[in-house]
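Each structure below appears as structure tokens.
In what comes next, subunit A is part of two complexes: it sits with subunit B in the first one and with subunit C in the second one.
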Partner chain A sequence: MTLDTVKHATETPEAAQPWKELGLKEDEYTRIREILGRRPTGAELAMYSVMWSEHCSYKSSKVHLKQFGEKIPENDAMLVGIGENAGVVDVGQGYAVTFKVESHNHPSYIEPYQGAATGVGGIVRDILAMGARPVAVVDPLRFGAADHPDTKRVLPGVVAGIGGYGNCLGLPNIGGEVVFDSCYQGNPLVNAGCIGVMKHEDIHLAKASGTGNKVILYGARTGGDGIGGVSVLASETFESTGPAKRPAVQVGDPFQEKLLIECTLEIFGEKLVAGIQDLGGAGLSCATSELASAGSGGMRVELDTVPLRDATLSPEEILMSESQERMCAVVEPGKVDRFMEICEKWDVIATVIGEVTEGERLEIFWHGEQIVDVPPRTVAHEGPVYHRPFARPSWQDVLQADDANKLARPANSAELKEQILKLVASPNQASKAWITDQYDRFVQGNTILAQPEDAGMVRVDEESNLGVAMATDGNGRYAKLDPYAGAQLALAESYRNVAASGAKPLAISNCLNFGSPEDPDVMWQFAEATRGLADGCLQLGTPVTGGNVSLYNQTGETAIHPTPVVAVLGVIDDVTRRTPIAFKEEGQLLYLLGDTHEEFGGSAWSQVVHDHLGGLPPKVDLERERLLGEILISASRDGMIDAAHDLSDGGLIQAVVESCLRGGAGARLVVPDGLDAFTFLLSESAGRAVVSVPRSEELRFTDMCGARGLPATRIGVVDGGAVEVQGEFALSLDELRAAHAETIPGLFA
Partner chain B sequence: MARVVVDVMLKPEILDPQGQAVQRALPRLGFQGISDVRQGKRFELEVDGPVDEAALARIHEMAETFLANTVIEDFVVKVEGAEEPAASVAEAK
Partner chain C sequence: MTARIGVVTFPGTLDDRDTQRAVRVAGAEAVPLWHRDKDLKQVDAVVLPGGFSYGDYLRAGAISRFSPVMESVIEQAKAGMPVLGICNGFQVLTETHLLPGAMLRNNHLHFICRDQKLRVETNSTAWTADYETGQEISIPLKNIDGRYVADERTLDMLEAEGRVAFRYLDVNPNGSLRDIAGITNEAGNVVGLMPHPEHAVEPLIGTGRTDGLGFFTSILKKLVDAR
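== the complex of A and B ==
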């Protein structure tokens, strides 16, 4: 085996290279040759191919994502914006919060447990790399049909993986979603989010500057994990014997990660690092090129010093390995000894693998011979950018014309009752307790709210009771009908959920899950969704702090529903004033806030009862959402409401049933004038919430709503042991609880 | 009654946190000279009737679909007392 050095590459310009097998396009390969003025070495080719992949370079999505940086609302809270590992917002009292959502969809389909577990590990390291202590995780999940045999393979593995990794780390899992739809059959969506807390002065950035500073790799040893395309390189260009077939699966070790967290926080505490980066996708290729690119540009790395788990790894494989639980730090020479001491204390392996150099080249050596000599910006930040063609799909009009409002409605009260019971028991609307009970929601003792509440909430300061809340939402059915509105509805729902908990929404992160960007239909969905989200964030005053794009989520020609997942972060000055969803106090008055229209396009009812998807999603009114949010927050702060639940899929009845079951109290509802029972109970109009108001506060509350112009309709009272709709039907709590609680264990336990 | 043993090991390149934990513990307990530890699973199957090719094929299928997670694990099927492994699978697509 000949080492493909820079010298060797210069001497053998015509040597055939497996650029195609590595997923590069011909013009991309040509461009690499132009940048370097020669053919790339095997190691360089490996680095470019993985860094220019869709996953790392965002080459198809970039042109649309830049709106998030252009349509920035006035917001004093932003401390660090898009581009770093994660955005950072000011939450007051000297605290800053960093949060992000990422996807681990494809690995979780191949190996559900490890795929989901390493998804949690990866997002936690992203947050850690900003200088923050991770304090909570959330997991928005989407699976194929609940009764499909493969869902029974994927879901329990994913749930166990999230629980296994997160519980071992001692991080509470405070929120997320579980959605079933046959469009995700071959492409489950496993998104993972994390929240981290730090003081303003502790923010750390991913850049390598200061000539002579040392580059330290620390954490787990490097093995042959997750080397996707590079196995092609290893087997095609070099030896075809040996353990060349590397699996694309990574196995995580949460206890190693826990050590890495504590070790890193102690290192931050002593201000020992000049720059830091976690190792995730594309491993060392990504960390070295991004650190160098964001800094002054020069870096020299001795690759043979990297501690290995498997001595047979080639340099290309070391560069590409996605072994988990590793970090890369840039440290001033005088601080290296102390850095090493701390690593030793935590039993974390740390190795100086290189240093920051003058000039603007990233140079990598293997036993003294140079195998990489590239301008790092061309690898990390100046990759290809595609303006993919997009066009409104030809089927979009037909889909929208297939109006769900024309579907057969229940003919009488008995049928309405039967359909509601069916809805409450359907996999998407049923209780997810069987899943969320496998996650530790209260470890660390700061969890204020967790599933099934509207938003997760954790206390940040034990003296002042400052807290943060987060909700994640996304409705692929709405987005399929109208991606622009669908993205805004995801934003609106998440915003509403945070406000309903009593917290003030500050900023968002997103995880945009779509099909193939090479399909103009999908690209149109993506363009519309990003435009909708950017416009929506501008209007609501919640900037996008960062996020993640996952493309190619499709089986054959069939893409998943466009699924933009939005995570809204909010702040609450005093967590003791949070609003839960539970209806508890008999005699409290139930008020419906907002307007209800006949809106059934993409609704849970249309899916459960008619297996239908068509028409238009509910109308978006973001000014109304903002007003509703203000009312919910004020009412919570001033003690005017005891419970609040946002209205989304499943409509009012779903929210009332959840709140009643949560609090163990019934509700008597009266259909308001001007509405029929069916629309009142099942429409999914946006901008609505139901609240429980103590009688003593009623006047103050309705006065406030009236003064600010928010429609508030008294719809009933908390009472008895059943959900009763006057003149229509009554369903006992026992009956509802059985329907709601037994579905998921029945399918997966 | 014959016994067939199925040994399941993580593939060599897959991280084995349990094995590593054992390896780290060894020197602390005074056991020197062990450079690596990999931990696996062993299944002992008591087979009704003769262990013929059909029975081994069945066990092989059992191992591939249920006993081992072939995305990350290899397995070896051995008939107790036999010299050579009866069949082995190293690769999973």
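== the complex of A and C ==
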């Protein structure tokens, strides 16, 4: 087969091209021809197809995502905003923190271990590319029904993949979530988050500037793994030059990534790079076009110099390969030798593959013949934008009218007790220790808090005790009932979790998991959720620093629950003031902060006891969330509370049980005036937390709440070896522990 | 003058910086050692930290054992220099045969990270003098290849010679024979264990206990006293 050069493409304008097989629409292919003034070469077509994919171009979501850039709250902390590999915020003392959450949903369903492992690898490289040392990871996960046979295939693989990769990188896994719901049966959500720390002056950006600067590809060799998705593999064009079928899921090598991290940090330390980009989705196509697009000049790449794992790869395949553990740096000529020395020290392969040129073209050559000549912006940043139609689903009203508050409630204390025990043991509320114990939470020696705490927290500075905290939350059931409120509830819960740990929420990242954008119902959910999140962030003063969108999470016609996952990053000046969730000290007083209403729509109780989803989710009051956050942070700083736990799914009783089991102490609770036991224990009203107050601090604490207008109700005392609700029931800690701890290993061990 | 304690970094080592911190917290000077470098920089003792050196490819510790730095470590250890192998470092020490036995995949086949209770079975090693024999401590454990095995004769010999240095209490987390968590050589200068004392040296961090600090203060005292 002849090489499809630019010259050849110009000479054969009518040659048939597999644009459809590559996932492009006809008008998109026409637009590429217009941009180039000729038909694209095979290599150009490959680049446009992957870069204009939904995953890389955000073509369906862009019009909604722009709100995150428009509704920006006043916030001094933001150093780098949306558009770079990850956002960066100032956490004080000269430190900057970068963080982001990404999805690796589809690959993890096909090949759970490698899908999840490379999800960790990808997000870690994003953080590294900003100039930061990765310091922690978190993994929000959602699976199908816990007792479904396929969940038993997917979950253990995903968990082992996250552990196998993350543990080998030496990154503590400090948080995340595990949620089960049959809506995720064919579409598990495997989201991965990472936090990185650097000094302000170390922030790096993905841009290629400075004519004559060298473009260096370093890390793993390029192989045939993860090439542009299955549609590409069927294409006749590529068939003759390589093996007919290759895996579309990437394969990870965490050892290589660990070397890449240390090597890159040493390179940063000597200030050797002018621009840097990691290679993830769309591989070299993405890295070269984004670097060139963001820089001031053009770029020339000699593609045949790329080190290969498989010598038979065609240029198109090399451009599309998503082989892991690779980075691309732009380096001044005088610094190349030192750059290479450091790579050699870490046994990392590095190759000069091109240079920054004058002009504005991205030109790629294959053994001296030109196969790509494009304006890089048209590949990287000026892809198609769709205004997908959206409309409120016809079933939304019916769903909301199916009021969960009307479900049959427990008739007596015995029934209440039985339902609570069932709740505590249900897969979503049960202990996830069997899963999280497969992740290293201690490595790096800076972990202050890790799961099952409300937020993960790591120390940033050993001298000053500065630290950062992060929580991730999302509730697809709430979002299904009301996507606008659901997104805000995810934000509120994550914000509350960070505040409960004692840290001040600063900024957020998100991972927006939805069904097909071609379904107007789903697009409405997406539009509502993004609007809710943008409005919420504006109100709470926490800007969106970046994030990720995962669409097409559906099986046939059935989409997953809309699942916006929100990661809130917080800062704490002194980690010794952190607040854990454990109730430990007998005699301490338990206070419920916030208001409790009859709110059962989307609740864990309605799911566990009635297998029901309907009505409205809990009411959102972000001003209340902010006030609650301020109280929790002040109380932590001034030593007024010894423990705090946010109230979310499962309500007060779930939080109390978790805190008691964590600390090994029981609690005696009294139902407050004006509430019935059922609502008190199981309602999921937002804006609430339970705190443990030393008796000596009670007055000071209640005075503070009173002065600031936050309802604080004394509900009991830390005492004994049981969780007892006066006049209702008592459950011994042993009984609760068994119910809470045995479910997950019983299903998956 | 304080003691100089070397901490080796292999490619894929993860707990090197943590171990250096633990050495400093104890009051000694931490000296980074590089796997390609035979020069031990006149250190008084060496720690082989945890991680996945060379990705644990082939077998945990199997490749590291042949690195240039290990030539010197083996030579010095035989001459009496104190050496501590933690987790992957313990695996390297068994591969070098400085310590007997081997580590296999955990019996449940999973990576496990937990706060592990141990009993210090002997305080007559270079790294355990600050503990009481029989003292119970809790330090983090995190590994996938942590199941200690050896033939019966070797196990009997270790027991008879008082060379089982640490035993798992409450839970045997990986199926290690006779609940063995760590052992020492005959001379007591070379010690290896799977759990991580370097992750339990500061209050608040990790488990919030400092039960692991004794390893580092033990060696510091011994080295300073020897002067």
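Operating definition for what follows: the second predicted complex is superposed on the first by the 735 of 749 C-alpha atoms of A that agree within 3 Å, B and C clash if a C-alpha of one lies under 4 Å from a C-alpha of the other, contacts with A are read in each partner's own complex, and residues count from 1 in each chain.
In the analysis below, a contact is a pair of C-beta atoms (placed from the backbone, for glycine too) under 8 Å apart; a residue touches a chain by one contact, two chains touch by 3 or more.
Just so it is clear, the model here is predicted, and its values are computed rather than measured.
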Overlay on subunit A: subunit C relative to subunit B, clash or fit
fit
First (subunit B), second (subunit C), both or neither: which does A:459 touch?
second
Contact-wise, after the overlay, does A:438 reach subunit B, subunit C, both or neither (first, second, both, neither)?
second
Once the shared chain is lined up, is A:253 touching subunit B (first), subunit C (second), both, or neither of them?
both
If you stack the two complexes on chain A, which partner ends up touching A:384: first (subunit B), second (subunit C), both, or neither?
neither
Max touched-residue count on subunit A (subunit B vs subunit C) belongs to chain C
Touching A:167 in the superposition: subunit B (first), subunit C (second), both, neither?
second
Look at A:224 in the shared chain and tell me whether it touches subunit B only, subunit C only, both, or neither; answer first, second, both or neither.
first
Per the contact definition in the header, classify A:576: touching subunit B only (first), subunit C only (second), both, or neither.
second
Using the superposed model, determine the angle subunit B, subunit A, subunit C defined by their C-alpha centres, to the nearest 10 degrees.
60
Give me, in Å and rounded to a whole number, the least C-alpha distance separating subunit B from subunit C in the superposition.
5
Residue overlap on subunit A between the subunit B interface and the subunit C interface 253, 255-256, 347
Which subunit A residues qualify as touching subunit C in the complex?
160, 163-164, 167-170, 253-256, 258-259, 346-347, 436-448, 459, 462, 575-576, 578, 749
Contacts from subunit C onto subunit A in the complex sit at residues 11-12, 14-15, 17-18, 21-22, 51-52, 54-57, 108, 110-114, 140, 142, 144, 196, 198-199, 201-202, 204-207
Going by the contact rule at the top, pick out the subunit B residues touching subunit A in the complex.
10-17, 20-21, 24, 69, 71-72, 91
Quick one: in the complex, what on subunit A touches subunit B?
110-111, 114, 220, 223-225, 243, 245-247, 249-253, 255-256, 309-310, 323-324, 347
